[in-house]
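Each structure below is given as structure tokens.
Look for chain A in each of the two complexes below; its partner is chain B in the first and chain C in the second.
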Partner chain A sequence: MMPRAAALARRIPWTLVAFVAAAAIPWLGSRYETFLGTQIAIDALFAVSLNLLLGTTGLVSFGHVAYFGIGSYVCGILMKTYAVPFTLALPAAALGAAGFALVFGFFCVRLTKIYFAMLTLAFSQIVWAICFKWNDVTGGDQGLPDVPYPDLAWMSSIPGLGDLRTAEQFYLVTLVVVTVSLLAMRRIIASPFGRMLTTIRENPERAASIGLDVRTYELAAFVVAGGFAGIAGALFGIFNRGVFSDYVYWPKSAEVMIMTILGGIEHFWGPVVGAATLVLLNQQITSYTEYWPLVLGSILLVLLFVFPGGIVGGLVAGVAWLGRRYGRRARA
Partner chain B sequence: MPASFLFGQFLGGLTTAMFLFLIASGLSLVFGVMRVLNFAHGSFYMVGAYLAWQVVQWLAPMAHSFWLAALGAALGVALLGAVVERLLLRHLYGREELYQLLLTYALVLILGDAAKAIWGTRQLSVSRPPILDGGIEIMGTTLPIYNLFILLIGPAIALAVWLLLTRSAAGRMVRAAALDREMLGALGANVGAIYTGMFVASSFLAGLSGALVTPIQSIVPGMDVEIIVEAFIVVVIGGLGSFWGTFWGSVIYGQVLSFGILVFPSFSIFSVFALMAVILIVRPWGLFGRPIR
Partner chain C sequence: MLEVRNLSKSFAGFRAVAEVSFAVPAGQIAAVIGPNGAGKSTLFNLITGHLQPTAGQVFIDGRDTTGVPPHRICGMGVGRSFQRTNIFPKLTVLENVQAALLAHQGRGPNFWSRAELLCRAEGETLLASIGLGGQAQAVAGTLAYGNQKQLELGIALASDPKILLLDEPTAGMSAGETRAHPAVHRARHGGGVLDRPADRGDAPGPHHRRRESCGGARRRRGAARLPGRAAMSALLELDDVHTAYGLSRVLFGISLAVEEGECVCLLGRNGVGKTTTMRSVMGLTPPSAGRVRFRARDIAGWPPYRIARAGIGFVPEDRRIFAELSVWENLDVARHASTRPGRWTIEAVFELFPVLANLRDRQGGFLSGGEQQMLTIARTLMGNPELLLLDEPSEGLAPLVVDALLAKIGELKAQGLTILLAEQGVDFSLALADRVYVLEKGAVRYTGAAAALKSDRALLDRLMAL
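Take a look at the complex of A and B:
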């Protein structure tokens, strides 16, 4: 019975089911739930983009927030200061973030381990210092408030979407952008290029000795991850109705890393689960206490000592254990 | 620009440098020996500052309350360091660096909030010890005596640590542990105890520097995450794990910050991060370090 259920479970297109369920939130849920849904979607994209480095390629970047922030600022400045439409500002944010990732990454991939982490941190702090001080363009410490929503009038002409609020329409846009981005990243990881990245993670010396240009592959991963982080940042700036230099400050890099590891870096969907868990938990806990960082730190400790594989890692291990038990019983 | 102004700028940079050296020296020692990059070092510094304030409150009317507070803060943070190393860090030595980084980051979150819960979010300050009140005139600029004291204590501590490392039996053990931990263990030395001792000493220095900074800077939440990045810059400039490198790295950092303000008034923070990036690109092991295996 068990194997048939498993086969059935495997045949269900889970990605589609999850997408439809998430898309139904504006109709079935409250305004607040739509708000949370938007945040989860954006964080999920950010965390998966980090995991392309962390889990797939084995690069510990402590400055991933730089590309999120660059995407945020590029999109925010274009839309607010120059009134560029969202359909152009979003790709521009992705390209801008990827461009910076190319320049910074060129230097970063020449280093390994702790030096790599330190250099990514240094670059992200350079970006932060510029955003924080360049008043004329980035608004300095005041940031860029009132980034406009994209023009979503076209949505109102589609039957059924017309009576949604702007925030809910933007949620649907976010969901589509995030889903397309996630599928693209999954495709990239499954491609021969992605397999090469995994090879580099497992054994960089071996990868180099079979003729792989390790640095170029790492740089490519860095650029792709930066570009997707830029998309997440662009969406976040609009969602949050403003872009502020806090987005680029280094503890944000640690936050997204916690999200990624909480979900599990060994599975593609792990960071998505991590993002959802952390956003929902944050919402629950901040209604009781202001000491969210204390709780987050404690979760991180438990994670490090008890579940190093994260939530998805733990679940997979649990299912495998059940499978072994049932399998044995079936054979006996 | 008058010479006295430039000299004042130089002295200001040097004072910043000596403070940063006090903080970064512990970070550098722990990295040099244990290869752990301790994000929580800035939090230890912050706890040191709060503890010093607390002890001063308790002992307020006493004559030497500041000095007792500094000692109390350093010892308190050393104890905290011992608990952290024995209870938590110790179990992650065999694991990837990422996990050690995250453990120390978890401590940043926890200690930051704990300090908020205990001492609140308002700014606290400690007055200068009476003996170091006032200022003296050097080459046309007035230097507060407290700053002069810091200018002297920085090199004094550097010298003391260096003598301990190079001339004492314990220092020899520490240097051996930094070079080859397995070999040292195989020779029968208690490497675990050396690691604990190193971490405690580093925490002591963090607590002490936190206490010493209180007379010239107010104690606020967020001072932990701000200082740790500066300490990282200093350690990277000098060379991760190189002790004298950290000293000279601090001096360079202080001067770049101090004179950078004159050249690019609003981008002086940018200049030090750029310096850090350039050094990592050109000489990842820093100006005074050696490439590690």
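Take a look at the complex of A and C:
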């Protein structure tokens, strides 16, 4: 029975199921739950983009927030200051973030290990300082409040979507953009390019000896990850109705790294689970106590000790263990 | 095809390669031979661009490639294997060669196709040709050492090299594996091969053709215990030890005993579980079942540091010296970590290994393979062990160095140190051992006095053939 159940479980298109379930939130859940859903979706994209570096290529970036923030500012400035439509501002945010990732990454990939990590952090702090001080463009410490929602009037003409509030319509847009981005990243990781990144993670010296220009591949991964982080940032700015220098500040780099490691860096969906867990925990615990960081720290401590492969790593190991146990009994 | 002119390389004032010049025409096999520390690996690293020469030039196909990075040199048709295995451990065996094939075909910038579907047949053919066809789906890091070496060669061959550089290709391989070495086939198909076997007898081509009978794989499990031995209380005793790496089981009930003052050898080919037996004793891979007794105490499940402090010293196959520390510092670290009183001091190990005394200020990473092996043994001795576990000490070493090492280990044995040795080199182990356990597929297949095997060559051949 167990193998048949396993075969059945494999045949179910889980991505589609998860997407449909998430898309039903505006109808089934409250406004608050839609709000949380938007936040989870955006954080999930941000975390998966980081994992392209961390889990796939083996590059530890402490400054991934820079590209999130750049995407946020590019989209916010275009939409608010220049009234550019969302359909152009979003790709522009991705390209802007990827462009900066290309420039910064060019220097970062020349270093390795902790020096690489420190340089990414240094660049992100430079970006933050510029955003914090350049009043004319970024609004400085005041940020850019009142970034408009995209024009979603077209949605009202679709039956069933017309009754939704703008925030809920934007949630659906976010969900689609995030899902398409995640599927694209999954495809990239499974592509020959992704395989080359994996060989670099596993053994950079050997990767060079099979003919890979390691630095160029690392730079390409850095640019792709930066571009997707930029998309997440753009969505986040609209979602929060404003872009602020906090979005580029280093604690957000730490937060996304916690999400990624918590969910598990060895699995594609790990960071998604990590993002959902962290957002929901945050929301649950802050409603009980003001010592949220203390509780979060303790939970992380336990999770990291119990599931060194993250939540998804732990689940996979658990399922394998059950399968073995059951398999042995079936054979006996 | 390949030409080297006046190539020199110095590390921190010490000349590893000095004014080397030679040329290898297409289709020829050239061997670079020399004792350990002669600069063979450094020479290879200079040719493949992993190191930049201090002086001199390298020409490949008539083009000056001095200072060209490794990936471009690979693109010019130079494939190489490394002395220490160098694979992609978390990928499967098939994925390892697929990645190399994709890289060679320049398909790396493809962001869209599914990598697992590309180069599949090619990869499988290649694996079959190097004898790894049955293990395509295994995770490369779980393969036995010799198989990893084969895979490494497969990765090098995937680039369809015009020139193949093999750094100690048969190190850690059995005679049978060596004979079937793919480099031989490769050479016959017209590729140039630059080979640097430390053991002259193993140069591809003129193999010592030892006929081996492969039939009659009868297993004699359990029949292994020597009468009278089991009753005594041994220094180290393994009782039905089972060990697995994750899902892959390696040891299937190993039982053995080592008496005080004895030198016992675990003999067997790659992948039979010699290293795993040692790791099980040391607690590095704790056994899933069975008992490990040291001085009548059950140490199974103890953490490695406690086992080390109880008096077992482990000299791992891959040596694990501290590359950034000097020879003296490597020993000093061990001295401070040791909690056992005993006779070993830095002066005493320098007396045993005078070579090391002369190199006391050199960084560990700049030592030759043989010197590193001596340093590892010396470092382990600093912990004053009662029992020394030596995992393939002769591996990858030139014959002269092996002889020197043999003498040193013999000296230690004469001084009363108990030794458990894991080896594939039959001559090496029989020269030292009092008793021998022959392992096969994670179980003891034969036990006997070393003298008995020495005199019965036919039995030995039969045991080692499988």
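In this text, the second predicted complex is superposed on the first by the 330 of 332 C-alpha atoms of A that agree within 3 Å, B and C clash if a C-alpha of one lies under 4 Å from a C-alpha of the other, contacts with A are read in each partner's own complex, and residues count from 1 in each chain.
Quick note on the criterion: a residue touches a chain if its C-beta (ideal position, glycine included) is under 8 Å from a C-beta of that chain, and two chains touch if they have at least 3 such contacts.
No experiment lies behind these values; they were computed from the predicted model shown.
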Item to check | When chain B and chain C are modelled together on chain A, clash or fit | outcome: clash
Item to check | Which of chain B and chain C A:E205 touches, first, second, both or neither | outcome: second
Checklist entry - Looking at the overlay, does A:A254 come into contact with chain B only (first), chain C only (second), both, or neither? => result first
Next on the checklist: So in the superposed three-chain picture, is A:M118 touching just chain B, just chain C, both, or none of them (first/second/both/neither)?
Outcome noted: first
Checklist entry - Which holds for A:I188: it touches chain B only (first), chain C only (second), both, or neither? => result second
Checklist entry - When both complexes are superposed, which of chain B and chain C contacts more residues belonging to chain A? => result B
Next on the checklist: Taking the superposition on A as described, I'd like to know which of chain B and chain C A:A18 touches: first, second, both or neither.
Outcome noted: neither
Checklist entry - Can A:V214 be said to touch chain B (first), chain C (second), both, or neither? => result second
Checklist entry - Thinking of the overlay built on chain A, is A:V180 touched by chain B (first), by chain C (second), by both, or by neither? => result neither
Checklist entry - Just which bits of chain A does chain B share with chain C as contact spots? => result none
Checklist entry - Can you list the residues on chain A that touch chain C in the complex? => result 187-188, 190-196, 198-199, 202-203, 205-214, 217, 220, 320, 324
Item to check | Residues of chain C that touch chain A when the two form their complex | outcome: 48, 50, 69-72, 74-75, 79-80, 82, 86-91, 95, 98-100, 102-104, 107-116, 118, 155-156, 158-159, 247
Next on the checklist: If we count contacts the way the header does, which residues on chain B are in touch with chain A in the complex?
Outcome noted: 35, 37, 39, 88, 91-92, 95, 97-99, 101-103, 105-110, 112-114, 116-117, 225, 229, 232-233, 236, 240, 266-267, 269-270, 273-274, 276-277, 280-281, 284
Item to check | Complex interface listing, chain A residues touching chain B | outcome: 54, 60, 62, 107, 110-111, 113-115, 117-119, 121-123, 125-126, 129-130, 132-133, 135, 249-251, 254, 257-258, 261, 291, 293-294, 296-298, 300-301, 304-305, 308
